[in-house]
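The two complexes that follow have chain A in common; it is paired with chain B in the first and with chain C in the second.
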Partner chain A sequence: MSSSALQMRTAWSRVIAWLGRVFSDRYAKYYMVVPTVLYLLLIGIFPLIFSFGLSFLHWDVAAQRPLSFAGLANYAELVGDDRFWRTFANTIIFVTGAITLEVIFGFGLALLLNRDIRGQGIFRVLLMLPMMATPVAVGYTWRMLYHVTNGPINHILRALHLPVGTWLSSGKTSLLSVIITDVWQWTPFVFIILLAGLQSLPREPFEAAAVDGASRLQSFIYLTLPMIWPILVIVILLRMVEAIKIFDIIFVMTAGGPGISTESSTMYAKLVSLTQFRLGYGAAIAYLLLVLSAIVFIILTRVLPTEVGIE
Partner chain B sequence: MKGNCRFLGLALVLVAALLASCAAPTPEVVKETVVVPVKETVVVPATPVPEAKMCDGVKVVAVTQPGPYIAGPLFDHRDEWTALTGGEVEVVEVPYEDLYEKIMTSFATGVHAYDIIVVGATWLPDFTPYLIPLDDYIANPETNPDWEDVLPAFREIIAKWEGKYYALTLDGDTHSLFYRRHLFTDPENQANFKAKYGYDLAVPTTMDELRDVAEFFTGWDWTGDGQPDYGWAQPMARGTQSHWWFWDFVAPFCVMPPGPEGPDRYHGQLYFDPETMEPLVNEPCMLKGLELYKEMAKFGPPGMEAWGVGEIRSAFPSTGNVAMTFEWGGFPGMCEDPAFADPAAIGDCGTAPRPGSMELWDRENQKWLTLDEPNTAPLLNFGGWVGAVTKTSENPDCAYDFIKFLNSPEISSQDVVIGDTGFNVYRYSHVRDLTIWVEAWGEVAEQDAKEYLDAVRADLENPNVIIDLRIPGKPEYVDTVLDLHVSAAIVGEEDPAKALQTIYDEWEKITERLGRDSQNMFYRKMMGMD
Partner chain C sequence: MVSRRTRRQLETALIYIALITITVATIFPVYWTFVTAFKDPRDAFTYPPKYLPYIQFKPSLFAWRDVGLIKDPTQRGTHDPASILNTLRNSVVIAIGSTIVSVVLGSLAAYGLARFEFRRWKNKDIAFFILSQRMLPPIVLVIPYFILYNRLGLMDTWHGMIIAHTVANLPFVVWIMRGFFRGIPKELEESARIDGCSHFQAFRKIVLPLSLPGLAATSAFTTVFSWNELLFAITLTFKRAQTFPTLVAGLTHGSAALWWDISAMLLLAILPVFIFITLFQRYIVAGLTLGALK
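Right after this comes the complex of A and B.
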């Protein structure tokens, strides 16, 4: 064999040895996560950084103006933007109202079905159906239900000789109507998680309490509630993250009206970004909303203890 | 080794032979001439080759709002166009609320998404940087779309921007007053109305009469179905195009007719002062119109605060329990459609120009004028839908040809007589020829058709006709500011005067941000003042 062929063979064996070291068990785990990291960077982190940068720019597409640096001007404008704060107040009312009702009804249903009753499977499937419907379909369905003259809700109220509601037609009732719709759709989510939590609780403490003569209410207050509490907190936080982004149901049902009574902050951000095409200001709204949501989230995690001791 | 030498020798011999054959070609020796008898030629019939068409193998993508309105005719006629040209049309449907932003996003990001956009003429100024001018096509006799047959308002205003044609008109939009004719001819109604209001019941020609007639037909059963009926219907919800009804109510109080030389600072103006670009929306005439718009809500069915245009179409022709409304020209077509309309409404849908006002605000002298004749100021609400070709289209000739096909007198005449195409009259041939309407709607609707065409023609020939706002940022001025506060005022969420002042303040901010001088320049061009 010639010396050059020998050198080539040696070089190849070095490369193979190097590859062997590189792809050894020690490093392989890092390579396995590379695609995920790249995906996250591209899909998650890049838009986040890009939109953050955008919030410091003037980018007014409709005005056909070139991009220019805005500094903190977008944020300064936002602080004085009355419409943004009104939409933020709507969002907070919506989130608080919807989640409170969803937890009450979801927990109640979970307690009701956490026992051996006939047709339990059918009940569970039926209760989960609203959660599976698309928000747009839910929005249109409830819009028809709320129709003042032809809607079945007012027909039933009339038949019962009760006063009919103005529902989506009045600023006084429109946000409540949207909250009811959201409660209808998302109570099943709370129900299914809490039911799973209830069924995973150990039986022994309850049996011991029963032997000691504890009533059902006492068992609920001193055993069920403390033990289910961590799951309840997680459910509340998950729903809060989703509810604060509310857009689709409101868009279909009221388009934010009457007036501004149901306009959420995300709707306003969309309006600024994709109707007015003020992309810099829209990004600033989105970021301020993110910061405010994060603050609310942190406060909630502090206020709601994740553990409640069993006395 | 021995075998190798033998193989090498054989190869050398072959190569030598090859070289020799190339170097010394054998000369051809002709010994005698042979005459071959020519046989009779047999003509085999060739397989017919289809004639090449101008758009063979071409596919154009058109975007517009979902059918049946507007997208419907594109679907209906694309196969006919394919048969003529060989081209293929893909129609992309985007909800009206998202249409502007989808198209603008594709333009702003430089992504080629569409060859044709079929959009509201009111958005054209924002889109023109991304569209090709159509002047050369229109000037060329071979590609001229019978352009002179298009009514001037829909040819020279809505299809044009900064002196160039950027679109072909597919729809001419203006509101009219629609009413149930039999209510006005009923002797009992006439007597009762006169007893209550002191003058004869007639189709309203003033806003005051409109209010009275709407009130008169509200709250009692004039259909005989045992339920109370209503005098009026109007959309009031946000995001449902209700702002055009606002302009209908305010324009007759605000717009002073221009002289022969056209609009000036105080005449023919509805939106801005053309000298200063100051909004006119907080003038007293606007408040008067807005308060009337709000008051008219009392004469409609309950829950009208959440109504959009769809609910009006359901109430007036379908349910048939509403006496009057303002609507676009597709409305009478729906009224005559047995599949859609209440049988009692067919042949009973009268049309008239929108009422005027006996009071007119003189902005120059800041005082109200009392008139002898009603001042009318018909707005071309929305202006109409137009078709345009994008700059990124790789096949602009075919894209233009499809729009031209839709715009042609033959095809457009089929569309404008059908209510749910969303396309209304825009050609002389549409308004002159009553026969196409009677053929489509039947003999029973001849009177309806005649009144409709007369009303449209009267509006278009009115020297005080107003065009829809068409300046950059229009969606922001109207869709996000005016629509919100007008809606809030008419449903009682905001005080009307405060709502108008808020609109004024917001419009000023938008104008400042977009540049007062450039906005003023665009506004003056829109008004034909420069």
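Right after this comes the complex of A and C.
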């Protein structure tokens, strides 16, 4: 064997030994976690930083103005942009209105139905349909239901001799109608979780309270409420994180109208950046929304059990 | 004086009435879409609305022929069946593609976080970093994606959409599977390790088979998320890779709505969701609350 071939072989075996050391089982944990972290840094965090930088630029594709540094100009414009504040108010009203109603109805129903019910499984399956249904389908379906002249909702109201609604056709009722759709979609979610929560509560404290002569209201306030509270907080925060993003259902139902009465901030940011091509300003709007959901997320991280808990 | 037993029965009856009322209210919108999809244009969208098939109107396959999914030489469809089938195929490919990437990367990361201890950055911090990616309002990502995708040639492609949907699906898989892996007793892997298995082998041969139901449910979730998604799809696809919801969402802008056709397409959109619910109902609450509640 020639010496150069021998050298090659030792070089090879060195490479293999090196590879063996690098890919050794000792580092297995890094090979498991690093790809995901890298993916999210590259596809999640990098665009996020990109977008942050973008919010300090004038980048108006349609106006064919050269790209220039804007400093805080986009954020300054945001402060005085009435349309933005209207969409921000719409988003806040939507989030608080929808979630308040969902909790009231969901919790109320859970309390009412907290006992052994036969055929619970069937009801559960049927109630799960709205929360997983394709948002585009939900939006169109409710557009049909709300139709002022031919829709079944007004028909039923008329049949019951109740006043009919203007629903999506008027700026006065459109946001409420969008909220009702969300309440339809998510009340079952709140209901199912709180019912499961109530049914998993220990019985002894309630029995002891009854022996001591506590009224139903007292045992609700002093026992049920404190015990169910952590679950309620998690449900509310998770709903908030999702509701702040609202786009698809409104897009299909009203496209933000009539006027801008149902336009959410996500829709406005999309309009500004992807229809008017004012990319810098659109990024600034998106960032304000990010700050809002970051606050909710930080609160959520404080209460979300790291151990998979509450069964 | 009403006897205790009658009172009890009355209460039970009231509870069932309440339960049936909310179930009917929940199901009625879906029912309405269902019947509309089987109406003739003459029966759909008339006043008074027709609720009951066979009694108030004769069911018809008009809409299904009109969208071109049932071939009929005597009726020229309003829609191009080729574009509908194309978007359906795109939606399926993107949903499955994103699910595969998220489940492969995500379950490994979940296992790493569930079983090993990281020192420099603590496990909890890594996990919350990953989860935070799911909580972002997607509009913050959509704008830079729009710019970058145009430069990188990812616009209107399958892989572009798979990359985008994976950003939301991957954190979900990590978070949920981490919970599943923690529920599996460590001793099984430890004995496999003693028998000479590497960490990867122990994961593949012991842990993965045991967590198959959880893995299936998690995959079904990510598939449905991707199937339902609109904002990324409407921004990053328009023709070749256009998804089904995007196509349907664009149907009424500008022209009068053909509600029977739209309803037929909505049924197609929620069909996979319906299958998912019947198969995985046990896991849905856990999934939607990110494993915090079961």
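In this text, the second predicted complex is superposed on the first by the 255 of 311 C-alpha atoms of A that agree within 3 Å, B and C clash if a C-alpha of one lies under 4 Å from a C-alpha of the other, contacts with A are read in each partner's own complex, and residues count from 1 in each chain.
We adopt the following convention: contacts are C-beta pairs under 8 Å (C-beta built on N, C-alpha and C of every residue); 3 or more make two chains touch, one makes a residue touch a chain.
Predicted model only: the values in this text are computed from it and were never measured.
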item: Which partner reaches more residues of chain A (counting touched residues only), chain B or chain C; value: C
item: Touching partner for A:Met128 - first (chain B), second (chain C), both, neither; value: second
item: First (chain B), second (chain C), both or neither touched by A:Leu54; value: second
item: Touching partner for A:Ile295 - first (chain B), second (chain C), both, neither; value: neither
item: First, second, both or neither for A:Leu274, with chain B first and chain C second; value: both
item: Chain B versus chain C as contact partner of A:Val79, first or second or both or neither; value: neither
item: Which superposed partner A:Thr149 touches (first chain B, second chain C, both, neither); value: both
item: Which of chain B and chain C A:Ala11 touches, first, second, both or neither; value: neither
item: First, second, both or neither for A:Ala255, with chain B first and chain C second; value: both
item: Doubly contacted chain A residues - partners chain C and chain B; value: 147, 149, 251, 255, 274
item: In the complex, chain C residues that touch chain A; value: 15-16, 18-19, 22-23, 25-27, 29-30, 32-33, 36, 45-49, 51, 105-106, 108-109, 111-113, 115-116, 118, 124, 126-133, 135-148, 163-164, 166-167, 170-171, 174, 179, 182-183, 198-200, 203, 224, 227-228, 230-231, 234-235, 245, 248-249, 252-253, 257, 259, 262-263, 266, 269-270, 273-274, 276-278, 281, 284-285, 288-294
item: Chain B contact footprint on chain A (complex, rising order); value: 60-64, 146-149, 164, 166-171, 251, 254-261, 271-272, 274-277
item: Residues of chain A defined as touching chain C within the complex; value: 25, 28-33, 35-37, 39-40, 43-45, 47-48, 50-51, 54, 109, 112-113, 115, 117, 121, 123-145, 147, 149-152, 155, 184, 188-189, 191-193, 196-197, 231, 234-235, 238, 241, 244-245, 247-248, 251-252, 255, 266, 269-270, 273-274, 279, 282-283, 286-287, 289-290, 293-294, 296-297, 300-301, 304-311
item: Parts of chain B lying in touch with chain A, wherever the complex brings them together; value: 97, 100-101, 104-105, 108, 126, 129, 236-240, 301-306, 472-473, 475-476, 479-480, 484-485, 487-488, 491-494, 513-515
